[in-house]
Structure formats: structure tokens, C-alpha cells
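For reference, the structures are reproduced in the following blocks.
Look for subunit A in each of the two complexes below; its partner is subunit B in the first and subunit C in the second.
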Partner chain A sequence: MELSLQKGSRSRILAGLLLLVIAIFIARLFYLQIIQHDEYVRQAEAEQIRPLIIPAKRGEIYAYDSGNLVPLVMNQTVYTLFADPVMVTDSTKALKVIREVAGGNLRPKTEDLLARKDTRYQILGTKLTRKQAELIKKESLLGIGFQEVAQRIYPEGGLAAQTLGFVNDGGTGQYGVEEALNERLVGHDGLLESVTDVSGVPLTIGDKNVNKPAKNGDNIVLTIDRNVQAYAEKALASGLKKLGAQNGSVIIMDPQNGDIMAMANVPTYNPKDFTKVKDAAVFNNNVINSPYEPGSDIKTFTIATGIDKGVIKPTSTYNNLDYIKVADRTIVNAFKGETGVITMQHALNYSLNTGMVTVAQRLGDGNRITRGARDTMYNYFHDRFRFGQLTGIELAGEQRGTIIPPTEVEGNAVRYSNMTFGQGMDLTMLQVASAFCSLVNGGTYYQPTIIAGNVSDSGEFVEAEQKRVYPNTIQPETSKTIHTMIRKARQAFYADYDTPGYDIGGKTGTSQTIRNGKYIDDETIATYLGYGGNSKPRYVIMVEASGKGQNLQGNLHALPIFTDISNWLIDYLKLQPKG
Partner chain B sequence: MTRSQRLAERSDDAVGRRHRPDYQIALYMGLLMLLGLVVMYAIGPQRANVLNNAYDTDFYGSTYFFIKQTMSLFLALVAFVVASFVPYRLLLNNAGKILVAGFIACVALLFFGNILHVDAITQCSLGACRWFDLGPFGSLQPAEFLKFGVLIFAASFLGMRAKQGLINDKSQTLIPLGVVAGLAMLFVIVIQKDMGTGVSLMAFLSVMLYMAGLKYRWGLLIAGILVAAGILFILIAPHRIDRVTTFLSGDASTLDDAGAYHITHAKIAIGTGGLAGVGIGNSVQATGYLPEAINDSVFAIMGETFGFVGLVAILSLFTALLMRLLKVADHMPNVRLRLVVIGVFGWLAAHVILNVSAMVGLLPLTGITLPLLSFGGTSMVFIAAALGLAFQLSRYTVFGSKLKSDEYKDSQRGRGVRGARNTGRRRTT
Partner chain C sequence: MSYHTAQQFYSRRQSAWNRNQNTVSFVSNVKLGPVTHTVLVALMVTVLGLVYLTQATRATAYDYEAQKIDNQIAALETKKTDLEIENARLTALDTVRSSDVAKVTTKPVSTAYVR
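== the complex of A and B ==
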């Protein structure tokens, strides 16, 4: 039946009112949904879209163990226990449970923290294991929660501590490889940006979802050999203790490719407990970041320069007076009595300063260390041996050292005469050891490296990019000659220390230290720099020992440590005796 | 005498011949119910998820709400059919008893819930008991039953008074009705703390009084009393004050204001819907942001899902249904029957207007369902029963020319009745 409202009836008024209200609704909806649409979409997104960071796993760090990879640094998930004191209903039970399960991880006065009802977040304990966390979770305590925290663990304890560095609480690498390669180790966090429900659970609704997966950090493989490193640390520590030295460092390199096999420092620390370290100096890797006057080790470089320039031969002679005049200074020998006409080999064996100054003079006009002689020395020391240049080692905090060029006023004959026996310039052990490799390997400078490559997540080894190689620091013939001279220098006094049948050579160094700009007599640094091998050198070892107020001698305090490591390495590397 | 003869004797309604009912009422109601079911299907899983998380259970399956709503719809259809077949005279002649039954249900709820605290059969929260728990049969809200009782009683009572010409008589009509209304308010608003149901009850009573021919000066007085009572009810409940202040701050209310949370999210849901909506199953607000997403806030969720177009369509369906009811009422052969239909109209209109106004920020929140669409059995069953009654009465519409002018003496302000413009085909079978 078709019906219409009675004219003039109250139902017409009701109908009018109804239609008016509906019209107002539609106008209002038009305003909300069409005109204000973008504003409400913005409000909705501000509330609904939550970015979820997917943390990238920090790369692990591996070393070698007789050719196999072993982890030095790994990751472990630990749990931070926190409470929302407002939400905690049964604090007696909560305290009882967490004390039973994780008493050792709790912060002091846990009950006071839990009673702070004016706060919404209190960290009650840190570094709980997964098992502890699960045991506590099982109790379903209201207001108690956990946060996952990635933590570095060190299966080898404090091994290679200065080389590795550590990761601070903010997740940033500090010192060593951790700092130098922080970006590679960190990787890239992933981002999941999605519409979530009210409790933050991502929904599959909407087209604004971003899903960028996390890229884990690279797993770095060091050139370090775990056993060599461990032995070096042991030999250094026990050697220093036996000899009464406070501080010391060792570096062991492969002279055939520049790989660092070990680097050790005393005193040291355990990266796990980096927060407990009182003196931050132990974080420093003195091999790379404390330049010092290298002393007599440098005599090998001076002789090599002279031979390479053709101004001397091992058999060249000079008249040793135990002193020699350079400009207004007189330079004396530390070891006296070998006066008369002697060979350069003799001068090297006895580490005679006069012989070295003579070489420098012969690089000039025979009597003076001319500008030409200084240019030649600078060319060899700085440009070829790369003294005073950063090696580019993949560790944090490498120092450049100082070597003064002849173009400067300070680069005068006196300085260059001092430089012939290792004074008047500051170098790092790494610079000296790397250059020394080129002296004995035929004249090739390999950029030193501590990174062998990386292991992909699937376990595939990817070799690191080829490091720079600088050929012909000296001619191959020169290398052969200086190689022999260095062996003779060692054998002159210490031949019976070494495992017979191997080619081992080295040079002592005893450097004076400078305090307040002046050389002081009561503190010397002992070093020993040498190589070992068979048909060709297989390792270069440099040892340094020092101590505040200690007069340490290269032959007494550094050499025994070299000998210890050298003899052990021959066994460890299973080197065949020379035929 | 047969039972029907006796009923006819007692009834002084002189109604015309029974004819085909107005199927438009059933059509609009059915369409709205189906729409509600679609939305339940779409947001049910999200709602279930929210509840499962909140109570740390997996009790609510993804089709839990869909199935419950389907069952409610089935019950509602049964109620509709029953109400459309049970002779209206039976209901009207027993109006007093139905009203008393409604009050008894409320008293029983008060007794078992508020006084004895029998949790097994009552559902209470924050000191207000609104539901009987019927175990596997769901729950029952006595207020809805009372509302139905008041509707039938008021129609019957006012119809009688209108026939006697006593509609505007203070002691014969207004005071007795006022007592009934006041008593209902006492139970619904004061004891059960259900402002929404109370307001809708007062709204359809007012519409019925108005259509019964109440004089405007009485109307103004009653409106004044209602406003004063309303303000009193707001002032005694802090959450109601919050709702009013939130409403008064309008669109400037922000998410930072806890009190504005509900209404702000309703507006966000509606606003993000835009022209065409985000589509079925893509509602984000239903995942826990918008409170009461499946009950009182379903209009906002529909705005998000179906957009402006969808909401206009829904409002159009409600308008069509309400207009149809109004027209059916206008063609009832006597005041009593007209007032029944008007009561149904007022009930439905009050729910729609109060609910939608709150959702779009035009009135404060009252906590009232959107009929036929909201999740919830009792409300659905009683509104369907009311519509079924109107559907039954639509069989007795008569042409305007046949309406007795004396019945309109009060309501027409003496202007007489003119015939209907359209005289559509009447099919007699």
C-alpha cells in the first residue's frame, strides 16, 4: 500500500525533524570523511604505524688455528630484568622468585627499586641467561619484564685483547678491530614499518608497510694464529717477569706477505671485563700506537741503505776511534774498545754508532753528511721503508711517528747522524717490523695486515682484498747481503741459543728515552728485532721491553723472549731445516 | 464465545480489513541486519584477537562474533515473526502485565545482582548490574524488556486517554505516566547506570506523547523537567561529566586526553574511511584502538570500512525504515495502534540518532547500541520484536479518507483530515 503522511499532522513535523537530523549527519560525515580525511589519516598513521627495528647481528671475529677458523669473539643474548613498580602487585613473591633464580645478577637493594611506585621503569638485574629469564617468566609475575641484549663473549678469554678491542654498552666498538672495523661489524639494522594493532603487533593491513631486512655485520677473520698469539703472550709475560721488566710488546709477522701472526702487550686485560679496568692505558696496543726512538735496530736499515747505494760492502772498513765528530757534536759508541780498522759487519755485530755515522758520511762526500746524503737517507727511511707513514693497519689508533725531512732546519747533519743508529725519530714497532720484513725477504714491502678475510653467514670464506705491495725497497742483492749480515750479527754472540739447522738473525736495540726534551740515563727501552726461517725467512719477531725508571738492555731483556718464541715457532710451523 | 470473539469484544478498536503487510519494513530491517553481519564477519577476528590478548586466552575463535551474531539474528528473526503473528490485541490488552513483568525483571536483577551478588546469574561491572547471565543461552538485559513493556503500556494507556479526550489531563494522564516513567528511570539510569537506555526510553515516550496530541505548553514543561533531570544525572556521575566536557571541546580534542580517547578514535575511524572506505577486513581501529568496536562503536567501524558512501547508504536505510514506520503510524485506524507504531519509531529513531550523534561528535557519548547493526542479542531481539509488531499492524493501514476525524481532534489542532494523495493499488488475497 502506498502511504503518505497526513497533511498538517504532527507526524509531518516528526518526519521533518528526522530528515533534518539525517541531513546534519550527512553534512557532518562529509566534513569528517571527505574534507578532513587527510588529517584523520595522518592522526591514524601517527598512532598505528610503528617502526620496528630488527637489530643486525654484530659480526663475529675469528682467528686461525693451524689453518682452521676458531672464534675469538662471539655474541650471546643476555637479558636485562626490569620492573614496572606500579604494575607489580605481589612484590614479596616477585622478590623471592627473582632472588632464587638470579640472585647474583641483581642490582643492590632490589626491594627498594621495586618499591619506587613513583617510577614506571626500574632495571633490577642485568646479564641474565636465557634459562634464568625463562624460569622467571614461567612464574608470570605481573609488572616484571625482560629486554634482550646482545653481549660479546670471548671464548679465548683475554687473548689478543688489544688487537680485538671491545664493544661498549652503546654497542660501539672501542679500540682494536672492534673500533677500526666497527661499521663492517655492525651491519645494517633492518626496519619493519607496519600498521600495528593497539598492542603493537604488526598487521598485514595497508600498503604503507616497509620491510627492510637486517644485514648482519661481517664475520671478520684475523690473520692471527691462536696458538702463536697464545704462545707470544705467554712468552712475553713470563719473559718480562723473569727479567724484571714492567711493560712489553711483541709482534710476529709473516715476512712473505705482511700478515700479522700475533701481537701481544703486557700489561693486558680481559675484554669481557673492560668496565673493571682502572688504567685505560691497557687498552692501547703499543705495537701500533706508541712511537718511540727505535734505537740500534735501525742500524740494519742504515747498513742496507749504504749497501744498496753501493757506498759500502760488509767487508768495507773504517777506522773506529769509538767517537766521531759531526758538526759541533761528538758521537760515541756505547760499546767501547773495538778501535782500529774494522769492517762494517764488525760494526754491526758490536752495534757501533761510529760505523753507522761513517755510512751516512759515505752517502755524502765521505767526510760530511751532506744534503745529498740526507736526501738519500730520507728517501730510504721515509719513502721506501715507510717510516713516519701510517701503515694502514686495520686497527684503531695507529700513530704515524715522526721523521724529520732534510728540507727542514731540524733535519740537519747532527739529526741524520743520530738517525743512523735509531735516534732523533719516533717510530712504531709495526713500522719497524714491516720494513724489516722487506730487508730480509728480497726487498718487497708488504703493507702489514691483520685481516685475512671474512666468513659469510653460510660459512663461506671470502679472502680480504689484496693489500698494497711496494717492490724494491732495496735491490734483491742488497737484501741477500743484509740478510746474511743480520744472521752474522746474531751468531757472533748468540748462535748457540737457536735450534740448529735454521736461518736465524737479529739485531739488539737499546734506546734512550727522552724526558722533558732531554735524553735521560736512568731509563732505556730494550728491543730485539729478528727473523727466522729456512730457505727463506718465515717469521719476523720484534720484542720490546720497558719500564718506568728501568734500564733495560736489548740483549738482556728483549733477546731471550725473541729466542723463546723463535725456537717454539720453528716447531709449531714444522719448518724443515735448511738442506 | 470463542477466544478471538472475546478479544474482539474487549477491544474497542474498530479496525479495517486485514491486508498484506508492509514488506518494506522487513526489507530494510533485513538489509541492515545483513550489513551488520558482514561487519561482524570482517572485524570479528580482530576483536577476538584483542580479547584473547587482553585475557591471555585463546577462547575467542576468529568466527566467534560472527557465529554469535548469526545466532542473535536468528533469535531476532524469530522474535520478529512471533511479534508479527501474535495478535496485537493480546499484547495491548495485557500491556499492564507486560509492564509489571518488566519491572519484576529489573527488581529481580537488583535483588540477585546488587544485593545478593549472585555472580552465577548476573553480570555486573563497576557496581552496575545490567544483565542476567543465562549460561549457554547468552544473556538478557531486563532494561530492554522493560522498554518494550513501557512502549506497549504507554500506547495502550495513552490510546485510551486519547479516546477519552484526556491526553492533556494532568491527574488522569500525565502524572500516572510520569510515575511509570520515573520508576523506569530509577531502575535504568540510577540503579543500572544505563544512561543510553534511559534516554532512549524517555525519547520514545516523548514522541508518543507528542503524537498523542500533547499540548505544547505541557510539552515544554516536560522537556524542562527532562533537561533538569538529565543535567542532574550528568552531574552525579563523573564519567558523564567527562563525556560532556570532551564533547564540548569538539574536534580540538586530542589523543593525549584520556577522556577523549573513545570519541577521538571514533572520529579517526570515520575520518580515515574517506569516500569509499578501506574495505572489508582492513579496519585498523577494530584491532583494539576503538573501544566497543563491535557494539556501540560499530557505526565508526562501518565508516572506516565502507567510507562516506557506505555511511550515507546506512543512514538512508534507517531513514527509509523510519519514514515507513511514520507513514504506517499515520495510517493506523486508531490512536492506540498509531501510538504503538510511533513508539517503535521513537525507539528506533532515538537509538540511531543518539548513537550516530555520539560517533560523529555531535552529542556526548551515552553508550547506546546502533539497532540491528551492533553486536548484542537482547537489544536486537527486542527491536526486532518491536518491528515485528509494527509489521503486523501494517496489515491494518487505512486510507487517509477513512481515518476518523474525531480521533485526530487533539493531534490535528482541529484542522481536519484530508485524504491521502496516493491511493495505491491494494491487493486482496
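== the complex of A and C ==
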């Protein structure tokens, strides 16, 4: 007998309803699982898979200390203490604990912040140490939490502040190495993307997990020696204070390779407290970003140019009248009285402008600073000594300076006569000191550098790439001659200042300043540029002192600082006296 | 379902046979019906599922262990960094200059240089 439901029976209706419900279920499931598949997978992944950024560690910065590496900038994890006032059940206990552990780090009126139940997030304190955070965590206070924050630490305080720069609150380097090498220092964050449990613990289930490790920033090693840097800063600060100058800068270089051993500025600051600085000018490294008229230091370059071109020798003579005419202008000496027939060495010793203009004239037809003479000077000053060109130092804010080519109307004989004694062009101390290295080292211009290399993750020192070298700025013989002339220029007046037995030379500079396009008499910049060593020059030091409304002299306000540093360096570098 | 308690022996001599062939074959008398097959398959699937779940749970347990170790590593690294910073502070020039040892040092009256 065949069983069948009677048409219109309740059983048949029930079966129909069941079929309909099943059909609806199937349709719904088809919609959810097939049509809406991607959307629900996305929602599920959004809930289950959590991307975790693995922050890259910003590179540290090291200096040398007698050949060993010492940290100047490090990283430390500190903690921001926050509260969810709604979740805080026992605010009295919470306040007691956090005050006992981190009283100095709390924001004012902490109790008011905790009482603000209309908010869910209140920062109670900042920069808590790990120990403080651990002590508070032990108390398991409801509604109290921590956020990790990385901050820069400066174990040496304000040492080399302008060279280092600082890292702003956004994590970006500003000024100095921090800005110039920000890309290298910052590294690349990693990514961990995986299914997590409710408490955020990554689980290995799932097939879309991503684990991209962070690449920490490079640990940079500077060419700076912290002892030299510290002494330079101390000598500069005490020298300026003693001599009454307001501002000053020092650069110390190794003339044999262009390495910068120290760079100091006064006034200065502590990068840790960069937010407290009121005058942003202290962030500037005046050695590289304040071009000025270098003054008589440049006479060493003029003499070197004349010797290299064969138009003068140290013993060449000219008739010094204490003035000399160039076109419609009369140029006079700052130091007067050495009139008559004198040698170029004599002119350098007494820093006579007339002697330098004479060199320029001899580069021309002997009486005038011709276009040929100006072309020669421009070739030496701009192309060989690289004045008016960026040195490429690895610091932010380097300025190019200005040197007018003879092809321009302003590059006339009067300007070039001024340039022979350091006026009519703007240069940075770094440009002048770097070029001076080539005068005394045999004629090789080494691109100045502040980066010695980096320390790899495994702790190995990796030397930086060789910087550019420009040979033959002057011939080796010219270098020997100018080297001797510069030594004699110092010995003529200041030989007693130096530790005996060493080869030390230098040249004073006193530059007029320009206000509203005119030279003014009541404000001058004092500089001293020199070298020291034994069988070969081992260091070049340039000192600059200036101040608003201050009339400063190279021999009085910059030379003593040079002498102080030079004599100390001889001991520090353990230089053997010349045989 | 029917059970045959003995195995049956079939001689293959009755049929044509060649060299290197077994001359006898054994056929089990135990016959499994469709319900038994279904139950067995279900059991096998269940066992395999349990094995999978056990392994997945074990892997997850390892994740928690790994997370604990990661946290320990992070904590130790933080401690190491703190110690490095402390070391750098203690050997900083300012600290050395103001140390008790530095305070009691004196300058030599004269220095002889080896030439």
C-alpha cells in the first residue's frame, strides 16, 4: 500500500510549511554564506585579526673617547600614567599609591582629574620610569593604565648640543645630525598581524598571519671625540666670559682626513630641555649656518694663491704706503706704520691689506686686478678652496655662503681687492677651516665629515664610506711654503704662548660687520685660524667670537681660546715634540 | 547482519593459474553492513576531529607560552637598556669630574716630556 498525505490535510500543510521554512533557511544561508561571504569574512577578520605595529628603535648616537665608543644619545622607555575615571572604583587608594610612587611626575590637581567622571581618559602623569610603573602595576588599581613612550636620553647633558640636534614630540629629528640623518636614524616599523584572543595575545591559528620584523635605525658614530668636544666647549665658554664676548664658536678638525673632532657654540642648550629654550637661535650651529665675512684669516689663502701661481714668494717685496688705490677706492691698512719696502711674510705677520691687494694685482698685470686676476682668484677661492659651495657636512642647515664670480657686474676689481683680505664674500667657519686644512696638509681638500660610521645590530663598527677628496688645491711645495709662513706669522708675536717643541701656526682675523648694507665700526667679529702638530699638522682650530655692539679683535678675543685648546690638545693627543 | 566465524579457503586450482601466483586466497567471513560502515566512518571522523582539536589547542597553548617568553624578553631588554643608560650616566664626563676620586686629584708640579 502506498502511503501518501491527503490533499489539504494538516499533515500536508505542516509538511509544506516545513519545506517553506527549510527553503527560507537555505535561501538565507545561501545569501549569508555565498553572496555575503566576503563581507562577513572581512568582519570576522577585523574582529579576530589584530595588526600590531612593532616600533623600530631610533638609532643611538656615539662619539669617541680616546678610541672607544661612548653614547651621546640613547633611548629610554618611559611611561605615561593615565586613568579611566569611570572605571576607577577606589580613587583614594589610587591617589595614595600614585602619589607615593610617582609624586614628582604627576600633573597638578590629580584628584580633580580622577574625579572627572564625564571623561574616559585622563593623563595623570608623564615620564614615569619602569620601576615606578612596575610598583603601581603591582597594586592592580582598577581604571589605571600605562602607555609606553620612547624618549631620547643624553648621558653627557648638553655636550655637542648643536651638532646633535633633538627629536621633537612627533618623533622627528630637528637640527644637527638628528635632522640631517633622520631617515637613517628612524628605521622602519615592523608589523605583526595575526588572530588574537580577547586579551590580544597573538595566536598561530589562521593562514593570514604576517610577521614583518622592525628594522631599527642606524646607530651612528660621530667623528667627535667627547673629551676634545668637552674641552672645546669649556675653553670657549670660559674664554668668552673672561674676554667679555657674548657669542662664540669653535671647530676643530683633523687636517689629514677632514674629520671634525669638535664643534662648539656659545650660548648653548641641553637637548633634553629643548622645549624650555626661549631663543631658538641657540639651536643653530653657527659653524655651518652663519656665513660671515671671514676677514684677515683669508689672507693665508690669498698668499697661497699668489705663491701657487708663481707671482710672489715669501721674500717678495712691495712698497707699503699703508694705503693702495683700486679703481676709485682707497684701501688702507688696519695696522699702520710698517711702511716702506717690506716682504710678503712681513705683510702677513702684520696682516696688511695693501700686501694682499698687491698679490691680486700681481695675479693681473702687476698694477691692476684684471679680469684674468679675478678669474684666477675665483678659480682658487671657489673651485679649489670650495668657498661658496656646500661642503656636504651631515648636519642640517648648512649654508652655502656667497662669493661673487667675476662674470657678474659686482665681481669687479674693487670687490676682488676686498676679497683678498676677507671682505666682500660670506663664508661659513666650516668652509674656511676645511680649506685651511688643505693649505697645511700638502694641498688636499678632504670633504669635511662628522660621521665616522655606524654600529651594526651585532655591535660591530662599520666604517663610513670615504668622503670626497680633491687633490692639488695648491701644489705640495706651495703648501710647505704657506705652512711655514703661517707658523712665522704666529711666532712673530705669540710664540711664547705655545708649548715648546711643536709646530703651531695661525692667523688672526677681525671682520667688520655690515648693518643696513654698510660697514659699521662699533661691531667686529674676532677670529683665529690655526693649526698644530709635530712632524705634520694634527689639528686645525678655528675660533670665532662676536657680540652685538661689541668691538672684538682676533688677537685679543679669539687667539687666547685657540692657544688654550691647542696646548691642551698637544697633551691629549700625546704628540711627541719635533726632534 | 550475518557473521561467519570461520575463514573460508578457496582453492584456485579449480581455475586456471599461472606460475608465481598464490594458489590459495583467504576471504574473511565477517561482513560489515551499511550501518556499521556509517558508524565507523563517523567514529573515524570524530577521532580525526579530536586529534585536530588537540593539536590546535596545544598550538594555542604554545602561543601563550611564547607570549610569556616574549614579554620576559621585552622586560629584560628594557632592564638592559636602563642599565646601559645608568652606566652611561655614571661614566659621563660630568659625573667623572665631580666624583670623589676626581676631587682629591692634584695637578703635578712639573711634567717631564720624553723627547
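Everything that follows uses one rule, which is that the second predicted complex is superposed on the first by the 552 of 579 C-alpha atoms of A that agree within 3 Å, B and C clash if a C-alpha of one lies under 4 Å from a C-alpha of the other, contacts with A are read in each partner's own complex, and residues count from 1 in each chain.
The rule we apply is simple: contacts are C-beta pairs under 8 Å (C-beta built on N, C-alpha and C of every residue); 3 or more make two chains touch, one makes a residue touch a chain.
In this text, all values refer to a predicted model and were calculated from it rather than measured experimentally.
Set side by side, subunit B and subunit C differ in how many residues of subunit A they touch, and the one touching more is B.
In the superposed model, A:Arg10 makes contact with subunit B only, not with subunit C. By the touch criterion defined above, A:Asn209 reaches neither subunit B nor subunit C. Of the two partner chains placed by the overlay, neither subunit B nor subunit C lies in contact with A:Asn257. When the two structures are aligned on the shared chain, A:Arg28 is found in touch with subunit B, with no touch to subunit C. In the superposed model, A:Asn555 makes contact with neither subunit B nor subunit C. When both complexes are overlaid on chain A, the residue A:Gln151 reaches neither subunit B nor subunit C.
Residue overlap on subunit A between its contacts with subunit B in one complex and with subunit C in the other: 201, 203, 205. Within the complex, the subunit B residues that touch subunit A are 19-20, 22, 46, 49-50, 53, 207, 210-211, 213, 251, 255, 267-268, 270-275, 278, 281-285, 287-289, 303, 307-308, 311-312, 315, 318-319, 322-324, 326-331, 342, 345, 349, 353, 356-357, 360-362, 397, 400, 403, 408, 411-413, 415, 417-418, 420-424, 426.
Against subunit B, in their complex, subunit A makes its touches with residues 1-11, 14-15, 18-19, 21-22, 24-26, 28-30, 32-34, 36-37, 39-41, 43-44, 47-48, 195, 197-199, 201, 203, 205-206. Subunit A meets subunit C in the complex at residues 70-71, 74-77, 129-130, 153, 155-157, 159, 201-205, 226-227, 230, 501, 576-577, 579.
Touching subunit A in their complex are the following residues of subunit C: 56, 59-60, 62-64, 67, 78-79, 81-82, 84-85, 88-89, 91-94, 113-115.
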